[in-house]
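Each in structure tokens, the structures are laid out below.
In what comes next, chain A is part of two complexes: it sits with chain B in the first one and with chain C in the second one.
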Partner chain A sequence: MVDSKHKWKAWLFLSPSLVLLAVFTVWPIINTMIMAFSEGYSQMYALAGKSFQFGLGNFEFVAQYPKFIQYLKTTVLLCVLTVPISTILALLIAVALNSIKPLRKVLQTIYFLPYVTNSIAIGLVFSAMFNVIGNVSATNAQIESYGIINNILMAITGDKWINWINAGSPYWANITVMVIYIVWNALPFKILILLGGLQSVNKQYYDAAKVDGTSKARVLMRITVPLLSPMITYVVITGFMGGFKEYSSIVGIFGADMGPTGNPDAMNTIVGYVYDSLAANQEGLASAAALILFAIILAVTLINLQISKRNTHY
Partner chain B sequence: MAKIVTMHERDIEKTSRIQTVRSILGTIMKYAFLLLVAVAVLFPFYWMINSSLKTLAEYKRTVPTFWPEQVMWTNYLAVFESGELGELFGYTLQIGLISTVASLVLTILTAFVFARLEFKGKNVLFAGLLATMMIPGELFTISNYTTVTQLGMITNDSVLIVPFLVSVFYVYLLRQNFMQIPNELYLAAKVDGTSDLKYLWKVMIPLALPTIISITILKMMGAWNSYIWPQLVEPQLGKSLITNGLLRMGFQDASGQTDFPKQMAAVALVSAPLFAVFIFFRKYIMKGVSRSGIKG
Partner chain C sequence: MKVVLENLTKVFPSRNKKAGGEVIAVNNFSFEIPDGKLIGLLGPSGCGKSTTLYMISGLQKPTSGKIFFGDDDITELTPENRGVGLVFQNYALYPHMTVKQNILFPLQNLKGADKLSKEVMLQRAYEAAKLVQIDELMERKPSELSGGQQQRVAIARALVKMPRVLLLDEPLSNLDARLRLQTREEIRRIQRETKITTIFVTHDQEEAMSISDMIVVMKLGVVQQIGAPQDVYDSPENLFVAKFLGTPPINVFDGTIKGGKVYIGEDAVLDAPGVEDQEVYVGVRPEGFELAEDGAFHCKLRSVEVMGRDVSIVSENACALTPVIRSIINADNKVDSSKEEVCFNLKAHKTFVFAKEKVTWSTAEEGKTLYNFNKGAQTLNAVYGAKTYELGTLLTDEDIAKLEKQAKQSLSPVAKFFVKQGKKILATAQAKVAPAVEFVQNIIPEKPALTGEITYKLAMGKNKDGETLYFAGGVDNARLCVTSDINLAVDLHAELITKNVEITKGKDTKSKTIVEGYHVYYLEGDKKVYPELNVANGENHEKRIFL
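Now for the complex of A and B:
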């Protein structure tokens, strides 16, 4: 009795959400497929009555487009560097943090701060820290300010400084800056998850290790890491998911040109390509690139799960 | 009588002393490492504030100063001079508030239906919605861009609000929380003749308040930090949110050079509300994040 009265009520409560979800969540999945397989699709022309041929043309174009290959390389490089570095660093920090009492709460709060920032705004701060003011050309350099990072570097090495992000800066320097910023940004989430995992670990294992006189390094590798493996898998997978979608942090450092002055797109990524195509009214190419991105993320996630299945201990 | 110390006891004493020294050294190293990381984490914030209080001339010195010789509080006023930044703040706050309130109403109603009411196909529908969470957001952005263009929404404020009103993830989070509330409470309320909405308002919302607060904060922060979508629709909408504005403003001095101190002052102003919210709602944010893994 109660149930029949509920049916119309349930649908009434649901209807606004369902309409919105249908338009902005379900339709996009179908529509993206349609656009991706309509060769050269552009909404502008579609609205004017033009029809498009069904086929793989968009995928073929994207896969052979040299710039896309370059963006893909940059994206993969950033992922491969930032995910392991931030995961290992976060693991060390979480383990150290878990083993101390005084200052733990304060440090935990400090480490979380980068999470509650605006990645474009703080990107401007990092950009300023790496920025050199003056003429950086190799032959006739006239520098006013080297930037604080170079100042620190020069204090350590004597007189070595690096053109990190300015005109003429090398690719590896750009990548280094991005890795530093992305790791700085990614640590809070990973520390939070790993620390949460550590706090739920059964203390008995550690007591047993203490009785046996096991070394610290061995305890970390043989007890902590295996016990934490579900959380480590989680942060690695979400790390790769985020890494393959890297975009805003690069805009923060290099601006909308996605590269140092005179070398735009040097740091552009897959997502950058998707939005560039969209802004250029090439929805077909944007959709194809987004589907390729989805396929890559899916494949990497499945590989990660497969690896972790062999090594995870629940 | 003299105490006889066996060799064995001496060995134990020696080992335990070595262990004490070792553990003290270990503790010192641990703290050194943790403090070093803390410095690395905090340094950009310090540098932002330090730079924002300098004159441009002092900022450009070859040997940097670690605290401004002349503290320029006026930089913080100067960034409002053109009126643009104030407008951006106001507009972003307005969009953020409207989207948060509307999104909360819809999320609560939807989560309630999926947690409490029964109808045919409920579980299939919910599973289908959950499956969409696997898909990267970029995929939705493309089609939503064509949709808002076609619907004509792109020229008014709703374009920044409506596409993001219902997030499957928040519905899921709240539904899990609602499910933990014992069904007996609901049946008892039914016997007493309490309406569904009254039950929702008087019992479920108060009990799930921590989750609702988490969602509210994450949603507000999302609006404050959003960049990609506002950037896409900006040419037709003619307005932008704070993050886009910050990037566009450029902060150049009379000679066309970037005025870094002013830029840093604006960055500090944009970051300040985020820090304020973090200080007051630290627990809710950290809890919400640890369950979501989704930024902002």
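Now for the complex of A and C:
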């Protein structure tokens, strides 16, 4: 501990960061709480001198707002689909990468590319791949050209194509595109973490398993996965955290409308709702939604930790 | 199950593609291991013993040669189909499984007709655990066990599937001294009880001798001698084997055979009827000395160490390759420690004579005299300190005096080394020489001295005439010695680092040069750490001459 005589010095040295933390972290959190619990809070009215009643009105409104429930469903659906898929894929790719020598560096770089590329830019590329140009309405279809995915589909199936993201596209098609995009985008970070974990696993465990005639699948399930369990836990928890905050990827593919043409907000998420509320000068609702999101992430993380406690071997 | 190795050879490709030179880890190893015996593979680090073990286990594929278990050729079989149990040096127990799960693991891998019921598996696991006396610890994780217990679990895991051959890789090296003693007896007991042919690898000669039915001494990939421990000790086939076995180590002297007698210096110590005159090494076991007033072998007495049952006489002799000679005699013999000189008779069956083979330099010009350190010649290839001497010039007394002065002032470990040897300066160099010499490769990679001040290396190069030269000294080319004599370079290297050396011989595959040198080891705590010596394909030099 610092000698009490010099305590003021300690505070002096700490003060720059304390001030910054207070202004940019602590105050915004407190402010969010205040706004969330001020019924119908709006900054415009607040500036005009209006006062707001303290209460749970914002939360009640958000929880009963049908669109919010739909956004929540989309968010949870994306999370539940993308986190397991991307984790399993990343594990398999990491194991494969770890077991080859030639081209490992090249492949590692290729798999890491999505991480260093802007997600909006990638979103645009993905939307071009799934796009259909022309009029896709059911009665009067007039197609100019198809994206690469539909071209491949048509090459395989003859002439069947799917309206992935354009006007009139179904919800499941939109979700499929989002899942593919989010998984692809989430892979590099997970591969990196898992590959790092794999490379620190003692090779003798595998030699021992080889002498004991262990099959490849068993080596993966009984040796590799348990030894990697701390990394897998980390990847899953951060995956869920990121998944519940999904927003920019949807903007990347569907634009600021958050849905195909003619059906805005079809793919909107909780974070999307927060943005929308802010744009509508309803800071109270936005804050309440943000706190609800926080509570969901906290609960999911706690459940995750509880489950992993039993299955993680540090 | 007997194990037969037939011309087993393993060649590792060079790590450095530019320098070239593949490493022959195991060279033409043929041996039949009788059924149910405990065999120790023994040798310094890098001699190929672990590689041999891994080839038997199937984890490494031999470059050529064959392995048989009984009459089955298993060379091409994968490890799991060979029926071997392997215990790794650091045990490789799965950290996330309990002891029971670890032992069960190999059984759960069995498929098809071999598949066992849960009850049988458990019963077998408990049997194996009982055999190594860990049945109390079945529910613990490896991290909750001591080193010795982990070792037992590893052995149980190897034994549980009833292997045809049990392989142990340095099984005792991770245990402390007391546990080591206990565990080696345990291994012996387990082997006796199970009667499984067991092969274990060690670099500790005492360990190998104490429990093996047979030992195989290896050096640089070549088998030096195979036999019962006592036979190998009593009748070593070459100087390496003689030196490798025995504590305290054998005393080695420069000697000659003249007119049917073996001389060490002026003293005729043994009869050698019918052996032609030649230069030899004479090795005498510490217990091979017999105190005698009129003994033929004269040494300068240094001290007498009393050990109760025995006394150890420490003496000096100009012909000895080590600074002191250690002889152990029965305490009934009273030694007058005030005397200047001590005389011995040498016991013929404890004294071995080895041919001194000349080191040949394929790159040297015919007839050119190369410096021989031991003979004290004065041909000098020398450069030192601020003054640069041309290669091949003779040093004047003045130069030598200067070096001695530097040594006295503790200015230079190199100068000190030469003076301490009681020889005149031979070959040292300062940075100025280095550019004239084309660097070829490191023999011993850079390694910091124990004092940590400077990093030293031992390397090989060629000068513009194509003559092979050796470097020892700092990597910054300070304190550098350039010499055509590998012995000198290695000696210096060892001196600069720790003084711990073991003599070996080998052939450098790249330059086709025979390298007569040393194994240098570094002491890390009490543990000997051998740097990788970048020479391979050793040849049997210093063959025993049977008198």
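Just so we're on the same page, the second predicted complex is superposed on the first by the 298 of 314 C-alpha atoms of A that agree within 3 Å, B and C clash if a C-alpha of one lies under 4 Å from a C-alpha of the other, contacts with A are read in each partner's own complex, and residues count from 1 in each chain.
In this text, contacts are C-beta pairs under 8 Å (C-beta built on N, C-alpha and C of every residue); 3 or more make two chains touch, one makes a residue touch a chain.
Predicted, not measured: the structure shown is a model, and the values here were computed from it.
K.L.:
Per the contact definition in the header, classify A:I29: touching chain B only (first), chain C only (second), both, or neither.
P.N.:
Touch status of A:I29: first partner only.
K.L.:
Tell me the contact category for A:K73 with respect to chain B and chain C: first, second, both or neither.
P.N.:
It touches nothing on chain B or chain C.
K.L.:
Contact-wise, after the overlay, does A:K50 reach chain B, chain C, both or neither (first, second, both, neither)?
P.N.:
Touch status of A:K50: no partner.
K.L.:
Is A:D207 touching the first partner chain B, the second partner chain C, both, or neither of them?
P.N.:
A:D207 contacts chain C only, not chain B.
K.L.:
Figure out whether A:Y275 sits in contact with chain B (first) or chain C (second), or with both, or with neither.
P.N.:
first
K.L.:
Who wins on chain A residues touched, chain B or chain C?
P.N.:
B
K.L.:
Just checking: does A:R222 make contact with chain B only, chain C only, both, or neither of them? Give me first, second, both or neither.
P.N.:
A:R222: touches chain C, not chain B.
K.L.:
In the superposed arrangement, which partner chain does A:Y146 touch: chain B (first), chain C (second), both, or neither?
P.N.:
First partner only.
K.L.:
Share the list of chain A residues that count as touching for chain B in one structure and for chain C in the other.
P.N.:
none
K.L.:
Give the list of chain A residues in touch with chain C in this complex.
P.N.:
Touching chain C from chain A are residues 202, 204-205, 207-208, 210-215, 218, 222-223, 226-227, 229, 313.
K.L.:
Within their complex, state which residues of chain C touch chain A.
P.N.:
Residue positions touching the partner: 57-59, 78-81, 84-86, 88, 90, 92, 94-97, 105-106, 108-111, 157, 161.
K.L.:
Which of the residues in chain A come into contact with chain B in the complex?
P.N.:
Against chain B, chain A makes touches at 2-3, 6-7, 9-11, 13-14, 16-17, 20-21, 23-29, 31-32, 35, 43, 47, 89, 92-93, 96-97, 99-100, 103, 107, 109-122, 124-126, 128-129, 131, 133, 143-146, 148, 151, 184, 187, 189, 192-193, 196, 216, 234, 238, 241-242, 245, 247-248, 251, 255-256, 271, 274-275, 278-279, 283, 286-287, 290-291, 293-294, 297-298.
K.L.:
Going by the contact rule at the top, pick out the chain B residues touching chain A in the complex.
P.N.:
Listed in rising order, the residues are 26-27, 30-31, 33-34, 37-38, 40-42, 44-45, 47-48, 51, 59-64, 106-107, 109-110, 112-113, 117-120, 122, 129, 132, 134-147, 149-150, 162-166, 168, 171, 190, 196, 221, 224-225, 227-228, 231-232, 243, 246-247, 260, 263-264, 267, 270-271, 274-275, 277-278, 282, 285-286, 289-290, 293, 295.
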